[in-house]
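The data blocks that follow each hold one structure.
Shared chain: chain A. Partners: chain B in the first complex, chain C in the second.
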Partner chain A sequence: MHTYILKRLILTVPVLLGVTVLTFVIMRVMPGDAAIAIMTSGGQGGASQSDLARVRAELGVDKPLHIQYLNWMWSLVRLDLGNSWHSGRPIVEEIKLRFPVTFELAVLTVMVSVLIAIPVGVISALRQDSVVDYVFRAVSIFGLTMPSFWTGTLILFCLVVWFNWFPPMGFTGFFENPLVNLQQIMWPALAVGYYLSAYLARMTRSTMLEVLRQEYIRTAWSKGLRARAVVIRHALKNTLLPVVTLAGIQIAVALEGSVVAESIFMLPGMGLALVSAIQLRDYPVIQTFMLVLTLIVMVVNLLVDITYGWLDPRIRYK
Partner chain B sequence: MAHAAPARAGVLIGNAHRWSVLVSACVQFCRTKPLGALGAVIVGLMMVVALCASFIAPYDPIDMNYGTPLAPPGTAYLMGTDNFGRDVLSRVIYGARTSLYVALFSVLLGTGSGALLGVVSGYAGGRFDMVVQRLLVDVIMAFPTLVLALGMVSVLGPSLGNVVLAISIVQMPRSARIVRSAALSVREREYVEAAKAIGARAPRIVLFHVIPNCVAPYIVYATGALGAAVIVEASLSFLGVGTPPPTPSWGGMLAGVGREYMEIAPWMAIFPGAALSITVFGFNMFGDSLRDILDPRLR
Partner chain C sequence: MHWPKALRHNSVLAALLLAGVACAPAAPAAVTPSAAPTSAPAPAPALTSANATATSVPSVSTPRPALPATPTRVATPVPAVQPGEKPVYGGVMSIVQRGEPPSLNAVKDSSITTHHVIFPIYEYLLRRDPTAPWDKIIPDLAESWEVSPNGLQYTFRLRKDVKWQDGKPFTAEDAAFFLRLKADPPVTRIALTAYYRSITKVDVVDPYTVRVTLARPDSVFLLHLSESRQGIPPAHLMKDADGKYTDKVLDTQAVGTGPFKLKEWKHGVSVALERNPQYRIKELPYLDGITYYIIPDRATQFAAFRSGRVDITSVGGGTYLTPAELQIVQSQLAGKVSIYYIKTALQYTVRFNPSKKPFDDLRVRQAAHLATDRQTALKLLADGVGAIGGAFYPSPWAMPQQEVLTMPGFRQPKDQDAAKAKQLMADAGYTNGTDVVMAVRQEDQNAAVWFQNELRKIGIRATLRVLAQVPYWESGSKREFPAYFGLLSMPTGHPDDVAEYYVSSGQIFSQLSDAKLDAMFDDVAQTVDVAEARKKSIALDRYISVEQVYGVVLVHPDGYRAAWNRVRNLHLDGAGQLDSQRYEDTWKTGE
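Right after this comes the complex of A and B.
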């Protein structure tokens, strides 16, 4: 087990470096001069050459590219993520404020998708080709084809028109007032969760169908076990393994969905910050948030891999 | 020239057998996979709409006609007008053109280059394969799709070409992975061994033996990627960094419906959203049924 974890970790390192290089390359391929962009973004008009030179020296863009990259990596290691061009505040503060919101949204999204997908998939598989199966499959297909921002817009529309509920301007933390907090986060979680649950439900259904055709299930039936024992004790455990790992991997998709869902429901999370930064051309924020979001996804995938190895002994001893 | 007509007719009749095979294959497809056939019809319809947009659209999609803003769907404006007085139906029709253009070109570029990379990398194997997989494919795939596309478009600037480029870069590693695994299995087949035995060199083997046998999984992936590309383009436009206004795009139309207009003019959001869902549904269903048809043969 330890060698498995170690191998996984070692294999992640070159990809991690590659990710930082790619992020750096994307950000530095900017057309135009960073210094000019900063000096003129505040609407200050022209700037003298000495001002530009000073800003360039501050930014460090006057040094060759590989030195810039190494400086940036060194500052990352020290957790000095720089300041936002727009607000001037350290980016670390922004992340500390916004990460809990996005984290809560992502967790709730995955919970919603699992809570919808697994019962739907299991029932669909048990009652294959019945009316219930077709209804569930139709609902799943709808979830797959409607992008989460469309579902979110529809949900918002229903809330606004029928319940006269607008997303509140301020955000209430979970520990301040759980009820109000859940009210705010539930709807975007539902929108993105529905989209995620579609694929998960189909996976659950097809995995369950495969498992039900296995010989040990037939043995269990012929032993005379009741249906509930067969399904829950034997079939479900083996079905859940690939499904749960898929759910873990879908945290990446949940994060992507949160980028859009936060815009619709005005949640002050990392996704909304990324979008605002793009509209404001706040490049340090864009760069850092890109990196942070990708790192989160990589860590989650690594954990899912390791958990999969722990849950399925066949993987470990390969 | 009198005998040219019968000769041409003879060619047609001679090919009638091939036509009937094609027709019966289509009928078989419709019968066994009705959803897939529906998907194909939807895709075909969207393509026709996109190509003939200038003939079908009743009004100019860009012209801001301040005379009748927020008009509900009626006889004059079949899908109503938006807050600028633009006809929603025309914008939805032209939006089909935008979405399909972006989807088609980005998938062709992205999956095409990815497939080429996958074939070469899979067939070559060894250290070249490992380096390409780890450093290129895995790195790009580590980024969440939307985050990478957002980052690239934010740097390159919002334009249709940049959106196509961003989406194709995002799709490249995924198709490379799929084609690579197909190439890996083809590499071990006997006909490749036979080709090597008679002295065929690698480029010829790859071109004439490996690539044709990797086409099936590629097609299956590409049709799925088309649906995904439509969604990514719509998401980018929704966030304001995709197709630049005033070019109509379904995502951009959804973004334009702020909270203010939701109650009084819901048609501004419902029609582009429905068009988006139907198109993605068509691509997904068609791709699914293609996979069902092509996959068993691979085994």
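Right after this comes the complex of A and C.
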């Protein structure tokens, strides 16, 4: 197991290198001059071509592409993540500020997704083709079709219109005030979690149906075991294998796709900052954030794979 | 087969627990009038316009006139301060902020998202009167000024009672530093330097007098000094250890002489200001602080306001109240909320590139101008809120509205103009129409689609190339497309605000090379007599909009903001989008 983990960690290096090349190339190929973005912040400000040339030289974007890439790589080797071209703030400060928010949202989102999906999927499978099954499946499909930004906006307006209540202003960290934090982050987690739970619930249902048809389950029933024992002790664990895979992917989705939830619910996360950086062609921020997010996704995938070994003792890593 | 009870019970319990915690009522935002500032100022005197002077507390007891009743404006008469109503000290006012400021740097950054939050922190040499129309300039840090007869020298006498937030005195050295910085920037990234291009010399005459010498008369010099992004930063903080210029401190600090100072900037969350105890008017401000909450999403902005979590809605294009929101405010919040009409100085404009077909032909440009139904544009693109005009926002510097509405292209009905437009297209050789690609910013594509249909009526089949902001400006700098559609702004209402789109002096936004146009812009800027300058500006507007049709302005959209009535003595509907927002004499009651 340790060898396996070490191998996987070593494999992250070429993957990250590939991501650096991809991100670098895409940003340079994408239309939009970073110098214009800086000089026109807001679309006005008046700039001449000579001003732009000076700014390009200051930013280093007038150098050949391979030199720019190597300069960036060298700074990464020295663990110098650089500063934002627009705010001038160190990027490491931005990550320290924003990553915990995005991570908390992603974790809560997946928790909500799992809390909704697994019971719904299991009950649906146990009550296959009943009214309960149809209702749950309809709710799942509804979640699949309704985009999370719409659900989020709907939640917000229901709170305001029906309860005259709005989440507290000014994001508060979990360790500052857990209650206020939960009041702020619960709703985006619910909106995105509901959307993601749809996939998970359907996967749980179909896998559970497959598992319930296995001979050992029939044996368990015929032995007279209680439903709780059959479903939870025997069937659920085997159902969870593909579900865990999907949940792991969902963490990645939640991490990368948090921008809408962050925008609607005013969360200072990485998603929103990344979108803003892309709009402003803030290359250092984009490149660094992509690296960080890639690294996290790889670690999550590794944890998911390790979880398999715990769920299914037949799986052993060499 | 039974439901596993534990599974069912646990999930229900978990859901109930989460719902209970999340719905725990938050403490209502209470406004507790705090004790008066520790310097124990005397209670604010009952002020009228009779005893208000440039150095005393601005008048707060003069009832504000009701807004003019026009069919398109629904702004409520601003609740007059009641007789006997005294300002209340204390409370923190909250305002919606539409986006994270890229920095707090007043000299480097010209974006409205930055200046919206730092406006209460800085003062200017001169300021536009927030309670008066466009360009009524009043003293600010300069308590008086003189202009030499030839219009080449301006002498500013500065207030002597002004201190920076760190207690150091504001002197002529600070004013001179600012003017020199703008006139001769030591680094590339200094914003709005075009406003100061005519300065040749800045002299410190004495500790409280600064003299500016211009290369040529500039009728808009004072107006530019008063523009809402000309906050004066502290010279003593803008040198590094080697004495070289640096504005890095301003990236994250806003250090001014205004009524408020920066308390905390929580990135992505809020910018909080607090009372500046060094402010020159000891009785002010009334508020303990102002918090700008960063709310990027449009719907969330209104939800936060409606629920009472924030006191005032946002400022800036795209954030004013929509018709639906206006209707909610009028029907459900009547009597609790006031609506303010905002002269945004924005314009939906398509700028033609005369170096590319078909707009290299004046007849085609004129056809586009004649075909555009401005009244429908006002209704559809601006929800009926705004004005119809030429290249300049309706103000004393633009063609008079009464004249504009009778001119071809602007008038109703459109039959005659539409027929003439088709004739012009035929004369230009486009009997069967023509295809054209028009670049449009992402945010403006709805308006562009409408204009696309207008062009189709005269046979111009326009394809929209929708671009994000940065590629849009980059494309414009390369003059790639025949036409560029977008939302522009004129912060001061003066033609200089849009000169960069029309003059040919190497500015990246301009598509044109017209020596006569360049000369006309210069002439307006250099005419000292304001009345004469305005006449020339009107001629310039006519030249751009009607004679040469370098652009078609569809509509000048205005907007509405709203504020809860617990906030008193607001001047949101003053000149410009920001000028009224220093809040030095605003207070908040507990209602």
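Going forward, the second predicted complex is superposed on the first by the 250 of 318 C-alpha atoms of A that agree within 3 Å, B and C clash if a C-alpha of one lies under 4 Å from a C-alpha of the other, contacts with A are read in each partner's own complex, and residues count from 1 in each chain.
The rule is short, and it goes like this: contacts are C-beta pairs under 8 Å (C-beta built on N, C-alpha and C of every residue); 3 or more make two chains touch, one makes a residue touch a chain.
Treat the numbers as computed from the prediction; the structure is a model and nothing was measured.
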Inset, instruction - Please work out whether A:Phe157 is in contact with chain B alone, chain C alone, both, or neither, and reply first, second, both or neither. - result: both
Inset, instruction - Would you sort A:Gln214 into first (chain B), second (chain C), both or neither based on which partner it touches? - result: neither
Inset, instruction - Identify the partner contact of A:Phe166: answer first if only chain B is touched, second if only chain C is, both if each is, neither if none is. - result: both
Legend entry - Partner chain in contact with A:Gln183 - chain B first, chain C second, else both or neither: second
Legend entry - Larger contact residue set on chain A - chain B or chain C: C
Inset, instruction - Please work out whether A:Gly18 is in contact with chain B alone, chain C alone, both, or neither, and reply first, second, both or neither. - result: first
Legend entry - Partner chain(s) touched by A:Ser276 [first = chain B, second = chain C, both, neither]: second
Inset, instruction - Report for A:Ser263: first if it touches chain B alone, second if chain C alone, otherwise both or neither. - result: both
Inset, instruction - Could you tell me if A:Val122 is touching chain B, chain C, both of them or neither one (first, second, both, neither)? - result: second
Inset, instruction - Determine, under the contact definition given at the top, whether A:Met290 touches first (chain B), second (chain C), both, or neither. - result: first
Legend entry - Touching both chain B and chain C, residues of chain A: 31, 153, 156-157, 160, 166, 263, 279, 281
Legend entry - In the complex with chain A, residue positions of chain C that touch it: 1-8, 11, 14-15, 18, 21-26, 94, 99-100, 102-103, 109-114, 188-189, 191-194, 248, 251-252, 266-270, 291, 293-297, 299-300, 303-304, 306-310, 467-471, 473-475, 477, 486, 488-489, 500, 505-509
Legend entry - Residues of chain B touching chain A in the complex: 134-135, 138-140, 142-148, 150-157, 227, 231, 234-235, 238-241, 251, 254, 257, 259, 262-263, 266, 269, 273, 276-278, 280-281, 284-285
Inset, instruction - Write out the stretch or stretches of chain A touching chain B in their complex. - result: 11, 14-15, 18-19, 21-23, 26-27, 29-31, 141-142, 144-147, 149-150, 153-154, 156-157, 160-161, 166, 252-253, 255-256, 259-260, 263, 274-275, 278-279, 281, 286-287, 290, 293-294, 297-298
Legend entry - Contacting residues of chain A [partner chain C, same complex]: 31-34, 36-52, 54-55, 58, 86-89, 94, 97-98, 101, 115, 119, 122-123, 126-127, 153, 156-157, 160, 163-171, 179-180, 182-183, 186-187, 227-228, 231-232, 263-269, 272-273, 276, 279-281
